[in-house]
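In what follows, a single structure is set out as C-alpha cells and then discussed.
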C-alpha cells in the first residue's frame, strides 16, 4: 500500500520551474531514495511535501489524506518528520530539549495545566521525556542529553537531528542528505541506524548523494532530473538505466559544448 | 492644488532631512545588523556644534555666506564623524560577537549619555541659530511659496544622497562595503579589512547625520537636546519604511515619511499626525513585511 | 541593593550635613530650614526645571542675605522628577524621608498629582508653581497650594476678551499638547462654549519643536477665523504668527501667558509681532513692587536673560510664601504652616499679591490683555 | 525512574540558571531570600520601600516582556502600550462601575491581553527590526490617543485619577509597607508560574521558535500560535501590572507610557539576560534602583545612568544574570 502519493506536482519560482510534474509513490515500510544531480529539485520536493512550500499544481496524499494547503506543523502532526540538508538544530538548547521539541505535537498540556502541573500534565511530561530519552538512545546520544546542541561534533548533530525528527513519532521520516559530510565509519553507522528505523516500522524517504548509502539500504530509488522523475525501481534497475547515466554524466553530444 | 503642492514641498524638505539621517541608520544596519540608536544623538550634536561654531566664529562676517556654510558643514561633519568612531570603538566593537540586542541596549545607553551630555554642555534651554546665518529669502512661483532654506536643504541633501549612492555603487570601497554587508567572513577571505569597513561606516553615517543636524538647525533655527531622540526615531522609522539595510530605500522612506507627515497635519489633524504616520507604516508593513525596497526574505531551507 | 543604596544615601547625608555646617557657620551657627524643590532637572522639561531652580536660588540667597528666616538660613533640597510621574512619586517620598519643612513643585499637572498624593498623606506643605490643571485642587487636599493660576481662569478671561473687548465671532484655538497648553486650550474652549457668543471654528494641536506649521495653518485658513489663540510656548508661537502672515491669514494673534516675550518679538519679527495680544497676569515689569524688579534684574545678572516662561517666577513666589509663613508663625510644623497659608495672607509676591482660597488655589487672578507695541514692548491693551 | 531523575536534574539546573545550587540548599536559599524580602519594610524608609515597589512593578513588566523578547525572540519595543491599557482600563472601569481593584487586576489583564491579540495578530509575522518599529508605532499611536483625549475618555495630558485602592477587610493598602507586600506577592506568584511555564512544553516550544522558526515549524510546533500566545500572555501580564501601577500612582497619565519607558522595559530584559527570570529581577533592579542611587549627582545623574547602561552591556554582554540557554553568545548570528 502506498503511504505517500504525489500526483502531477509542479512548483515554479519566478522564472525557474523547480519541479515540473512529479508523480511518485512511497510504499509503506520501505526505504525510498531520491537521487539526482544538484539543482534537480530534490529539496524543493521535500519542502513541498512538508508544507514549507505550496505546490502550484498537483496533489500530495499521505495515508489517503490531502496534504496540500496544510502548514508544516500540521503535516508533522499527520506523521511526516524531516531533517534538513544544512543541519538546523536549536543550537542553544540541550540535546534533550531539542528532542523534546519533537514531542510537542504529541502532547497537549496547555497554559494552565503547565502552570498548575496537573496530574495529567505530569504524566504526559514523564511520557514525553521517556520517548525523548528513547530517541536519544536510538541514535546513541543519551550521554550527551544535557550538552548544548551547539557543542556537538558535526556527525552527532546530524544524528541528533534524526533523533529529534523521530521524537515526533512519524510514520514517514524524510532525511535530506543524512550522510553528507560524514566519514566512512559514520556513514556505516548511519546506514545501520536507518535500517533500524525501518525495522521499527517507520517508512523512510531520503535524498542522498552518497551512492554506497543509497545502493546499500534502499528498497526503491527514484531519480529526479530537472524537476522530473526520470527513473524508478530497485537500486540495480536504476543504476543501469541509460537515462540516469545520461542525467548524471550528460548526453554524449552535450559534452562537447562544455 | 497650490496648497497640495506646498504641503508636498514642505514634506520633501523635512523628508530629505529624515532621509539623510536614515542613511546613517541603514548603513550601520546593513553592515552590522545593529540599530544604532545613538545615531539620532549624533544628529543632535551636529546641530549643536553648528550652532556653536556659527555663534563663536561669526563665520558669515569673514567669508561669503555660501562658502562659510560649506566650511561649517564640513567641520561639523568631521567632528561628529570622529565621535562616531569613538562610540563604535567603545560601545559597539566589544559587542560585535554578542547577541544583537545587547548592542541595541548599549546604543540606547550611549544615546542617553549623549543626550544628557549635550544638556549639560549647552544647557537645557532651546538654543536659537543666529538669524543672519541664512537670510530669509522667499519666492512665490505660480502661487507656490518657496524659501531659500528649502532650496538649500533639498540641494545639500540631494548632493549627499547622490554622492553616497555613487560611492557605494561605483567605487572599490563601495564594493567592499557591499561585500561586507553580505557576509563578514567571506569578505575577510576576499582580503577586505572588515574592521576598516565598519570604521568607515561609522565615519560616514555620523557625518551624514551631523550634516542633517546643521541643515535642520538652519531651517528651524532652534536646537534642543531632545531633538535627536525625536528625529532619530523618525529617521529610523523612515529607514524601516524603505526597507532597512537598503540605501535607496532609506532615501525613499525618508521622503515618504516627510510627505506623509505634512499631509497628515495638513489634511487630517496635527494632533493626530504621528498616530497617522505610524498607522500608515504598520499597514504598509502588513502588506510588505520588509519595507518598500527591503529584500524579500525567501529563506533557503 | 539595600546596603549599596543605604551607603549612597548615608554618603549624601554626610555631604549635605557638611555643607549645612559650613553654611550655618557663615550665617550664624543655626541649623538651616530645609525646603524641597521638586523640578524636572533632567529630561525634556529640563529647561523649566533649571529656571525654577535658578529662581528659587535667587530668592533663597536674598532671604539668607537678610539673615534667613527665624534667624536660620534656608537650604534648598533638590529633587529631580524628570517630568515623569513615577520619578515624581519617588522624589516626593524622598523629600518626606529627608524631613523637609515644605516642598516647592513641580512642573506639570499629572506629575504634580503623583507627588501631591504622597505629600498629603505625609502631611507636608507643597506649593506647585507650574501645575495648572483644575482637577488638582478638586480633591480637598489640606497641604496642597499653588502660586500659579488655574487654567480655567485664564481660559475664562480669554472668552471675556473675545466677547467683550474684541467682539469677534470666529475663533481658532491652537495648543501644543503639553499639559499646560492643552489645559488652557480646553479651558478656553469650555468658556467660549459656555458664553455661547463666539463660535470656535478650529481647534488643533501642533507638535513642539517643529518649525513648519503651514499645513495646519492652511487648514485653519479655510475656516476663516478672526482671532487665533495659541496657548503654548513662544518658540512655536512666533513661528505660527509669522507663518500666518505668510499664508495671508490676517486674524488677530493672541498668545497665552507662555507665548509672548522678547524672544517672541525677535523670532516673529517686529512687523508681525506688533499688534499681537496676550492674556497674562500683570507682568513683573508692571508691578509696583521693588521685589519684582530686583528679582528680574538679579536673574538677568546671573543667567544672562530673563526666564522664558512664567512658571519659574511662581516657584520663586512659592519660596516667598513659605518664608513668610515660617517667619510669621515661628514654626516649621506643616499643620501650622498650612493653616497660616490658607488664612488671609498679605504677601507681596513677585507676581503680585498672593493669597489662597480654601482649596489651595491662588486667589485674585487678575488677567490683563497686553499688546505688542510698535516698538516691540508690551503695553496694556485698550480696545 | 530515569525520566523523573532527568526532570529533577533539569529543574534544579534551570532554576539555578547557572549557579550550581541544588535541592535542599536551593530551598534554604529561597527561604532566606523570602525572609529577607519580607523583613525589608521593617528596616527600609518609605522612600526606599517605594523604590522597591517600583522595582517590583517593573519586574512584573520585565517578566511579561521577557516572555515576548526573551523566550520567543520577538522584538517588542512598544510594551508600555499594554501596560497603559491595563492602567487606564483599571481607572475607567473603576470610575464607571466601582469594581474592586482585586477584580480589576485580572480584568485589566484580560483587557490588555485582548488588545495584545488584536494588535499583534496582523504584525506577528514581521521579522526582527520590522516588528520592533511596528510595536514602537503601536505604542506611539496609543500615546497620541491618550493625549488627545478622545470623547473625553482619557483625560488628555493630565490623565485620570484613581480614587479607589486595594482593600483587605476594609483596610486600604496604600501605605508603602502594605503595598510592598502586595506587589512582591504578585511578583512571587508570577515568577512561580513563569518558572513552571518555562519548563513546560509551552516554554520549550517558545525557545525553539526563538532559536529557529523554520525548524520549529518542521518539528510540529505551530509557530504563529506560539508567538501569539507569548504576546498575548505578555500583554495580559503587563495589563495586570497596570492595575498595580494605577493604584500606586493614583494618577494615570501619558507621561508614564512614553517611548522612553518602553526602552527602559526593553533594557531590563536585555540587561538582565534574555530569557532569564532571575535576570529580569536583577535587570529591573538595575534600571529602577540605579537612577535613585545616582540622585546625588543632580543634573549629571542621567549622564551616568546612560554610561552605566552601555558599560554594563560591554562588560556583561550575556546579561547580568544570564539564562543558561543564552549564556553561550550567539556568534555571527545574522537575521536574513
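By letter and in written order, the chains are A, B, C and D; residue numbering begins at 1 in each of them.
Rule of thumb we're sticking to: a residue touches a chain if its C-beta (ideal position, glycine included) is under 8 Å from a C-beta of that chain, and two chains touch if they have at least 3 such contacts.
Nothing here was measured: the structure is a model prediction, and the numbers come from that model.
Graph distance from chain A to chain C, where chains that touch are one step apart, equals 2. Contact analysis places B-D first among chain pairs (by count of C-beta pairs in contact). When every chain is reduced to the mean of its C-alpha atoms, the one closest to the centre of the whole protein set is D.
Averaging Cα atoms per chain gives one point for each, and the point farthest from that of chain D is the centre of A. The distance from the centre of chain C to the centre of chain D, each centre being the mean of the chain's C-alpha atoms, comes to 36 Å.
If you average the CA atoms of chain A and of chain B, the two centres end up 48 Å from each other. Averaging Cα coordinates per chain places chain A and chain D 40 Å apart. Annotation for chain C: residues touching 2 or more other chains are 42, 46, 50, 177, 205.
Touching of two or more other chains is recorded for residues 52, 84 of chain A. The multi-chain contact residues of chain B, meaning those touching 2 or more other chains, are 116, 119, 271, 274, 301. Contact residues on chain B toward chain D in their complex (touch as defined above): 29, 33, 35, 90-91, 94-95, 97-117, 119-120, 184-185, 229, 233, 236-237, 240, 244, 271-272, 274-275, 278-279, 281-282, 285-286, 289-291, 294-295, 297, 299, 301.
Chain D meets chain C in the complex at residues 40, 43-52, 54-55, 147-148, 156-159, 161, 174, 176, 248-251, 253-256, 261, 285, 289, 291-293, 295-296, 298-299, 301-302. Chain D meets chain B in the complex at residues 69, 75, 122-123, 125-130, 132-134, 136-138, 140-141, 144-145, 147-148, 214, 259-260, 263, 266-267, 270-271, 274, 299-300, 302-303, 305-314, 317-319, 326, 329-336. By the touch criterion stated above, chain A contacts chain D in their complex at residues 50, 52, 71-73, 76-77, 81-82, 84, 88-93, 96-97, 100-107, 109-111, 114-117, 121, 125-126, 128-130, 133, 145-146, 148, 150, 164-165, 168.
Considering their complex, residues 3, 6-7, 10, 13-14, 116, 119, 123-126, 128, 138, 145, 219-222, 224-227, 230, 262-263, 265-267, 269-271, 273-274 of chain B touch chain C.
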